[in-house]
Amino acid sequence: MVRRSLTTPSREGMINIDALVREVITEAGIKDGLLTIFVPHTTAAITINENADPDVQRDILSHLAKIIPQNPHFHHSEGNSDAHIKSVLTGPSVTLIIENGKPQLGTWQSVFFCEFDGPRKREIWFQIIAA
Amino acid sequence: MVRRSLTTPSREGMINIDALVREVITEAGIKDGLLTIFVPHTTAAITINENADPDVQRDILSHLAKIIPQNPHFHHSEGNSDAHIKSVLTGPSVTLIIENGKPQLGTWQSVFFCEFDGPRKREIWFQIIAA
Amino acid sequence: MVRRSLTTPSREGMINIDALVREVITEAGIKDGLLTIFVPHTTAAITINENADPDVQRDILSHLAKIIPQNPHFHHSEGNSDAHIKSVLTGPSVTLIIENGKPQLGTWQSVFFCEFDGPRKREIWFQIIAA
């Protein structure tokens, strides 16, 4: 397992981690297989979506905030139940295909660390399995 | 990695790809392991759910459209931010268990390609890892 | 593949299965790799989230019920379309990293079986791949 850390700049954000993903695969020296990316946090998540127009990320975050508002009817006393719910729905991990030593992503896809309760220092864990 | 393509017939739909999944596993000749199915698109997704009553798929798509409407308050100019959000929440990949050369699914489960911004020509990527 | 069963006590609930996960890994004797946990049901799911304050699970389930109510406008005649939709959004499987014979989870993370249409007897399937 490989561990990397990152610092998120605001309460909510989608941070492109493609460069980190490529670096981890290159260092492992694996040509073909699977890469599991895992977030060891309960108010963050990992997803894959469009990298071209930043308005897409803005629309994703603003609509999630609309259907899962950070409002006071929740019971959990830390005031971040909205972040836990977004984490469950987005998911704590993704599994990517590796071919020719590169992560296989579609033309418009990037891997994003989703911060729902920052700013914080966060970790991302990686496991590579050769095919 | 194995690549297959499919053409989706309408803007939204859940297309059963069980036959494709079985075919990919049979061609690989792997008896036991994992199969990762990955969609290289940002307005589509992969899920597993009920195959018996088509009303379940109808209810899933109509309720997603209710909580994530294709409305004009989004910033992304292509008018398909709803599809990007559904893609994030449903997820770009699933990982299945292979045993005795067959995908292991529950009695009522099938694998579905979820189209949220069709009709389009789409790809599905598969990676098999032997146990 | 390893199969385990559990009985869920109510219509909705998040059941901590950490002990089961550790047991399956120990019995397999694998030190490093991946564990895929798969739910062969269409009205249940697997997730990873906070184990410390039970109010977090309460907030997750109550907010999901708010945005996906069990109401009569659905077409599927069994009256559990809400459970199918929650299953799609939460997801039928998670993949964990195994290191030193242990599931790698963050400080506040546990693995939860999510019941959305119980009480029922349910199964959980596990596949381990060595790194």
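Going by the order they are written in, the chains are A, B and C; count residues from 1 in each one.
By definition in this document, a contact is a pair of C-beta atoms (placed from the backbone, for glycine too) under 8 Å apart; a residue touches a chain by one contact, two chains touch by 3 or more.
This is a predicted model, so every value here is computed, not measured.
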Checklist outcome for this item: After discounting chain A, the chains linked through touching read one piece
Next on the checklist: Could you classify the chain A-chain B contact as same or different, where same means more than half of all interface residue numbers appear on both copies?
Outcome noted: different
Checklist entry - If you average the CA atoms of chain A and of chain B, how far apart do the two points sit, in angstrom? => result 20
Next on the checklist: Where in chain A do residues touch two or more of the other chains?
Outcome noted: 34, 67, 89, 91, 95, 129
Checklist entry - What residues of chain C sit close enough to touch chain A in their complex? => result 32-34, 47-50, 53, 55-56, 58-60, 63-64, 67, 89-91, 94-97, 99, 104-109, 129, 131
Next on the checklist: Considering only the defined contacts, which chain A positions touch chain C in the complex?
Outcome noted: 1, 34, 36, 38-42, 67-68, 74-78, 81, 84-85, 87-89, 91-93, 95, 123, 125, 127-129
